[in-house]
Structures are given as C-alpha cells and as structure tokens.
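Scrolling down, you'll hit the structures one after another.
Next come two complexes, and both contain subunit A; in the first it sits with subunit B, in the second with subunit C.
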Partner chain A sequence: MKICYYPGCTLKTKARNLETAGIEAMRALDVEMEELERWNCCGVVFSLADDDLLHLLAPIRDLIRVKDAGHDKVLTLCSMCYNTLARSNLVMRDNEEKRDTINTFMEEETDYFGDVKVLHLLNFLRDEIGWDKVKAQVKVPLKGLKVATNYGCTLTRPDEVGIDSAENPTVFEDFLRALGAEPIHFPGGTDCCGTYQVMDNPEAADDAVARIITSATDYGAEAIVSSCPLCEYNVGKRQAALLEKKDDLKELPSFYLTQLLAVAFGADPESLGFELNHAGSLPLLKEKVLK
Partner chain B sequence: MSEAATDMQAKLIPIFIMGKKYEVPDSLTIMKAMEYAGYQFIRGCGCRGGVCGACGTVYRKPGDYHIRVGLACQTVVEADMYLTQIPFYPANRSAFEFEKTTGEPEDVFKAYPELFRCVACNACTKVCPMDVPVMDYISAIKRGDLKKATELSFDCIQCGLCATRCMAEMAQYHIAQMVRRIHGSKGTPNADHADTMVADIKAGKFNDELADLKTKSKDELKEIYTSRPMEPAMADEFWKPDHE
Partner chain C sequence: MTLKITDVSHDEEFMRKLQEISGEDVSKCMQCGTCTGGCPMTDKMDGTPRQIMLLSHYGMKDKISADNTVWLCATCNTCYARCPRGIEIPKVMEAIRQLKLRENINKVEPNQIPPEILEDAPQIAIVSCLRKNTS
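This part shows the complex of A and B:
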C-alpha cells in the first residue's frame, strides 16, 4: 500500500529520528510512504484569531499539493503538523466565506474544498491498518517496558480534529500494547510540555516538563513516548539540563512512537537515530528489550 | 519623433512611464523605449543581456489587477502598460565568515533568522521574472534541504523583486545565494578533475610553460593566443587540447 506522506520541516532537521524510524517501521507493514514532491512548512500552529487567514495559507497550500499529486489522504508523523493541517482543512470544508476568500487569494493554485483526509500515524494504524496487523508484525516484543504515554496537546485537541478523547484517550495505550509494552497512563499525559515557552520563558517550560516527568515516574514509568517534536525536545532532549536544576526529578528516557514501532518490528536500533533522544533511551532498550 | 523610427515605419504605441504617457515604437524593449522617451540610464541598466538582474521592472495593464514583471532589457513593450523600473530595493545581506561555515542549514538559520517568518503567501514566486519558485526554495531552506534550494534557485539573477513583495520582509535572493555558496563548496563533493588540476598546478606542471611565455614578445603572444587549440562546438565531454 502506498500513502501520501507530509513530513514537516522538523522531521528533516531536529527530529530526523521521528521520520527515519517511521519510514523503516512502515515498510514492515508493507506501507510505502510517498513523500510529497512539493511541500512547505505546515504553519506550525493553527492561528486562533478568527480573522487571521494569512496563517492558513501554508497548511492549505500543502493540502492542495496533496490533491494535485492525485491523493485524497495524507499521512503525518508529527502531531503539530497533523493538528495544523487538520484544522485548516476543516476551515476549508466548513466555512464557505473563508474558503472563497482563500481560494480567490490563492488563484494560482487549484481551488480547494477541504476534501483531503488528514491522518496521523496513530489513527492510521488504528483505523486503516488495525492493531491485529501491527501485532502480527512484532518480532521483538517490548515486553515489560513501562512506557508513559505523552499525548501532549495537539493529538486530541480540539475535539473536531482529536484522534481520540481529549480527557481519556486510549490510542497510545493500544499502540503500546500491540507492541508488547506496558503502557503507563498517567495524569500528565495530556498536559502541555511548555512548547515554545522554552524560548521566551524557559522556567515555565521547565516547570511544565518537571510536572510531566514527576507524574510519569510516580506512576511507575521507566520511559516516555511522544509523537510531537516539541514535546520530545522539551521532555527528552532538554531533560539532562533540567535534572541538574531540579534535585527531586528522576531520569526518564524518551522515545518517539516510530522508534518503538521500528524496534518492535525488528529494525536495527543503530539506524533509528537514538542519539537525538534522551541519552538513556537506547541503553534502556538494550537492557530491557534487545537482550 | 526621431528619424530612425520614421524610417522603420514602426507602429507607435502608448506606454505610461511612471504615470506619464509616451508614444514609443512597438518593437522596443522597455529599456529601449525608456531611452527613446528621453530617459538616460547611468545606473540600473546593467548588462542589457538579461542576466545581471539590474533592470527589474513592474507594470500593470488596464483592467487587470495583476502585478506583472519583466526585465526592462528583455521585455518588449505592450500598448497601455503602466511601468516603472526598480533598479534597486534595499535588502540586507548578512555578513558571514565563509571559513567558519559548516555547510549545514544552521549556518543559514543563524545568518537569516527571518526565514522563519515566511507564511507561504507565494507573492515572491509570482513576481519572479525568471520563474524561479522562490517560495519553494525558501521552504526547502527552512527544512534544511540546501541541495534542493540550490537547484530551485539556480536561475536567480538577483534582481531583488522577490524582496519587494515579501510580507516577511526577507531578502530571499541573498539567502539563496548564501545557500548556493556554502552548499556548493561544503555540501557537495569536489570535482575530481578540479582537484587533480589544482594538485598538478601546485606540483609545477605549468611552470616551464609560464616561464617560456614570459619571454615572448607581444606579437608572439598574439600568435600563440590566436592559434591555441579551441574546443570544437560539437566536442564531447572527453575533448582535451592537443598538448595534454
């Protein structure tokens, strides 16, 4: 099966591990991710100002590229991209006035009517592949690995694009169970990691991340999994610096969901970019799973 | 009307240069038409051959809201065009120390952080007289794909019209130039034949020949120059001059 794939900028730079592991893992499921030939930044965040159409141009242009390439579905691995594309898509589908304004402004492009289905890896696996098939491909079960599920903000909110319930989502837990891991559903799992506050107000981001890590470790997690590059950066990559600042914090290795998927499917862990994650990530896998 | 134009019996058409109407021969380029109308170019005329980018021109036509562009030296006048030449538009070029660049995207991100203000409005692409997909190369740079940006921006002639239209206020063409420089020199392998030639030169391969040339008179040098082996127009890639 082939599916049109929208990578997003971060997956080509800081979060290359999210992409390479994803492509590798999907091959095992016989899914070929066909990257769009032309694409631009997704816009990163969906603008909440009601009259801000300008910031819809980038995501909508990407959706037009999907249509122009002959597809009616697009797969994302990054939950920020997923959220921005999916919400912009709804504007074009449901808001006739904004749709007309935007189509008129982008007259050099094909008119767009919000008819592309935007998918994230998790709901793609759940709804289009099925957990049974995922399970059937597992060669290295992540047995006994206690992983906290970090949904972050953008996978489940707002409701109209959420891939699962915002309050009590289960899709990440089902994903981990299919891989043989032990999901740790914890209260901080749908909290904000501090996102871009890390630039302007790093203390606020530190506090947000500390709350997530503390909550996860209190619930018995020995690692945490994310699908958002910003979550992974704040929770994973910056964790070492945070540990130095906060004495009572326990270390918590971090993964992208695609890395766990690829490891479970038997991929060579050295090819999955763990050097871009929290330093303890690969050692933990080697200790618990890759024996 | 000038005599030359009458002789050629050129058809005269009205054009509007900065709002003022002139009747000009319909076969002229915008640049020639402006000179015909009395303008004299001291700067902003450049190469007159369509490659230097000094004569970017914007125009509109009645009843059409689109901004149109062309190089004044290449674009033939059309009746009723309203035009002005934009030979210069302020655009900041970041200084960077070439030796300290790595060939990685971070070099560019550091020099031009305004890259990330792009909202993909595409106004730059629409205004490019060379049909360079400006917005696409900016997108490629943002995701660190300097190879793609190099390829997409290759036809840029640095006219700067993209920068006049950018709502993120960046100077796309300067950014692309930096990308091509650092990607070309540090992100791509050296050509083997160039490395061999440089090594040969350093080893003194041409020293005797050069020393010999220095002893020649002006006439002898002329003779050597005119009788040198020339690559034939239809030569294949393996052609080499006789003495090699």
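This part shows the complex of A and C:
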C-alpha cells in the first residue's frame, strides 16, 4: 500500500530519527510512505485568532498538495503536524465563509473543501492496519520493557481532532502491547511538556517535564515514548541538564514511537538514529531487549 | 482578589475586540476553576486562568496586561478539554496576546534568543515560540 506522507520540517533535521525509523518500520508492514512533493512547514501551531486566516494558508496548501498528488489521505509522524493539519482541515470542511475566502485568496491553487483525511501513525496503525497485523510483524518482542506513554497535548486535544479520549486514551498503550512491551499508563500521560515555553520560560517547562518524569517513574516506568519532536526535546534531550538541577528525579530514557516499532520489527538499531536520543535509550534496549 | 468595579473600570473596546478575535463569550464562565486545576503553567503565573477569565468578563484590560499569565500559556488545551461550559479558553488567551502584539510589540525578540538554544532546539520550538510571541 502507498500512503502520502507529510514529514514536517523537524523530521528532516533535528528529528530525523523519528522519520528514519518510521519509514523503515512501515516497509515491514508493506506500506510505502510516499513523501508529499513541494510540502511546506505547517506553521506548527493552529491559528487561534478568529480573524487570522493568513496562518491557515500554509497547512491548507499542504492539504491541497495532497489532493493534487492524487491522494485522499495523508500520514504524519509528528503529532504537532497532525494537530495543525487536522484542525486547519476542519475549517475548510465546516466554515463556508472562511473556506470561500481562502480558496479565493489562493486563486492559483485548486479549490479545496476539507476532504483529505489527516492521519497520525497511531490512528493509522489502529484503524487502517490493525494491531493484529502489527503484532504479526514483530520479530523482536520488547518483552519486559516498561514504557510510559507520553501522549502530549496534540494527539488527543481538542476533541474535534483527538485520535482518542482526552482524559483516558488507550491507543498508545495498545501500540506498545502489540510490540510486546509493557505499557505504563500514568496520570501525567496527557500532561503538557511545556512546549515552546522552553524557549522563553525554560523553568516553567522544566517544572512541567519534572512532573511528567516523576509521575512516570512513580508508576514504574523505565522509559518513556513520545510522538512529538518537542516532547522528545523537552523530556529527552534536555533531561540530563534537568537532572542536574533537580537531583530527586530518576533518569528516564526516551524513545520515539517509530524507533520502538522498527526495533520490534527487527531493524538494525544502529541505523535508527539513537545518537540523537537520550544517552540511556539504546543501552536500555540492548540490556532488556536486544540480547 | 478584590476587584473595584466602577463606571470606568471596564474597557468596552477591549471587551468587544476580545470577543471578536477569540470568538468566545467569556460571560459563560462560571468560575469553577477547573481550567486552573489542569493548567501545567500556573506555578509561574501571576494570575490563574480562572482569574484571567474573570478579569476579561469585567473588561479589566490593565490588570490583565500587568499579568504574565497569557504569555506563559502553552496552548496545551487541557483547560478547553475540561471546561464544563465548553469555552475555548486558549482562544481567549490568544486574543489577549494578539491585542498586545498587534500594537507592533514583540514579546520575544528573535535576536535575543540565546544562540545555544537556537542551535539546540528543534525548529518547531522556535517557530511556535515566535508565532505566539511576535507581531
């Protein structure tokens, strides 16, 4: 099966491990991810001002490109891209006035009516592949690996684009179970990591991350899995610096969901970009899973 | 907190613009505080989300401007997911930010972000930070 794939800016550089592992893993499921031509940055955040249509143009243009390429679905690995594309899509589907204005403004583009289906890897696997098929491809079960599920903000909120319940989602846990891992469902699973506040108010972001790590380790997690390069940056890459400041926190190696998927499907871990992860991530896999 | 409400304490222009930009009716707020309860950023906020909703209801623009609350909002949507009145509180926060930013004032100057953070952080952090904090 071929599916149109929207990478987003960060997956080509700082989060290339999220992409590399994803493409590799999907091959095992016979899914070819066809990268969208001439895609542009989605803008990261959905414009919340009612009179701001300008910041809707970037994500909508991407959706038009999907249609022009002959696809009716688009797959994202980054949950922030998922959220922005999905919310913008709904504007074009449901708001006649804004749709007309935007289509008129983008006169050199095909008119668009919000009919592309925006998918994130998790709901794609759940709804279009099925966990049984995922399980059938597992060659290296992640047995004994206790992984906390970090949904972050953008997969389940707001309701209109959420891939699962905002308060008690289970899709990430089902994903981990299909790979043979032990999911750790913990109260901070849908908590915010602080997102962009890390740029301007890093102590506030640090506090948010500290709460997530404390909650996850209290519930017995030995690792945490994310789907967002910003969650991974705040919770994973910045963790070492955070632990120096807050020495009561336990270390928590972090993974991208695609890395766990690829490892479980038998991919060579050395090719999955672990040098970009938390320093303890690959050693933990080697110790518990890749014996 | 005690609010002194007089015939001039509410800024009607502010209230009108807030409603227009956010699309939300802040008078629906029943002050239950659920938004504050779920907000990950309240530790560092001057006023809580609930308090900002109350101040918005009374059009107290100056008091809102004096608080760092809207600038610490991470747009995580937890408040929106839980608000029993279904108010999209992040849109109220965005509207308050926009009213300031549209005076052509940046909250974060791009050239003042420390270079080591610029080099280290994923693009989405930089782009979203500037989307929320520049005019």
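Following the convention adopted for this analysis, the second predicted complex is superposed on the first by the 291 of 291 C-alpha atoms of A that agree within 3 Å, B and C clash if a C-alpha of one lies under 4 Å from a C-alpha of the other, contacts with A are read in each partner's own complex, and residues count from 1 in each chain.
To be clear about the criterion, a contact is a pair of C-beta atoms (placed from the backbone, for glycine too) under 8 Å apart; a residue touches a chain by one contact, two chains touch by 3 or more.
A quick note: this is a predicted structure, and the numbers were derived from the prediction, not measured.
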TODO: Label the relationship between subunit B and subunit C on subunit A in the superposed model as either fit or clash.
DONE: fit
- [ ] Considering only the touch criterion stated at the top, classify A:W39 as touching first (subunit B), second (subunit C), both, or neither.
- [x] first
- [ ] Specify the angle subtended at the CA centre of subunit A by the CA centres of subunit B and subunit C, expressed in degrees to the nearest 10.
- [x] 80
- [ ] Considering only the touch criterion stated at the top, classify A:H55 as touching first (subunit B), second (subunit C), both, or neither.
- [x] both
Task: Partner chain(s) touched by A:M106 [first = subunit B, second = subunit C, both, neither] - done: first
Task: Residues of subunit A touched, compared between subunit B and subunit C (which is higher) - done: C
Open item on the list: A:C9 in the overlay: touching subunit B, subunit C, both, or neither? Say first, second, both or neither.
Closed with: both
Open item on the list: So in the superposed three-chain picture, is A:E222 touching just subunit B, just subunit C, both, or none of them (first/second/both/neither)?
Closed with: neither
Open item on the list: Quick check for you: in the superposed arrangement, does A:E24 touch first (subunit B), second (subunit C), both or neither?
Closed with: neither
Task: Smallest distance from any CA atom of subunit C to any CA atom of subunit B, in Å, after fitting - done: 6
Task: Common ground on subunit A, meaning residues reached by subunit C in one complex and by subunit B in the other - done: 8-9, 13, 41, 43, 55
Task: Complex contact set, residues of subunit A against subunit B - done: 7-9, 12-13, 38-41, 43, 54-55, 57-58, 61, 106, 108
- [ ] Within their complex, state which residues of subunit A touch subunit C.
- [x] 8-10, 13-15, 41, 43-45, 48-52, 55, 78, 80, 153, 156-159, 166-167, 190-192, 194-201, 203-204, 207-208, 211, 229-230, 233, 237
Open item on the list: Quick check: in the complex, which residue numbers of subunit B touch subunit A?
Closed with: 105, 118-122, 126, 135-136, 139, 142-145, 167
TODO: Using the touch rule from the top, collect the residues of subunit C that touch subunit A in their complex.
DONE: 20-23, 40-41, 43-44, 71-72, 74-78, 80-81, 88, 90-91, 93-95, 98, 107-108, 113, 117, 120-129, 131-133
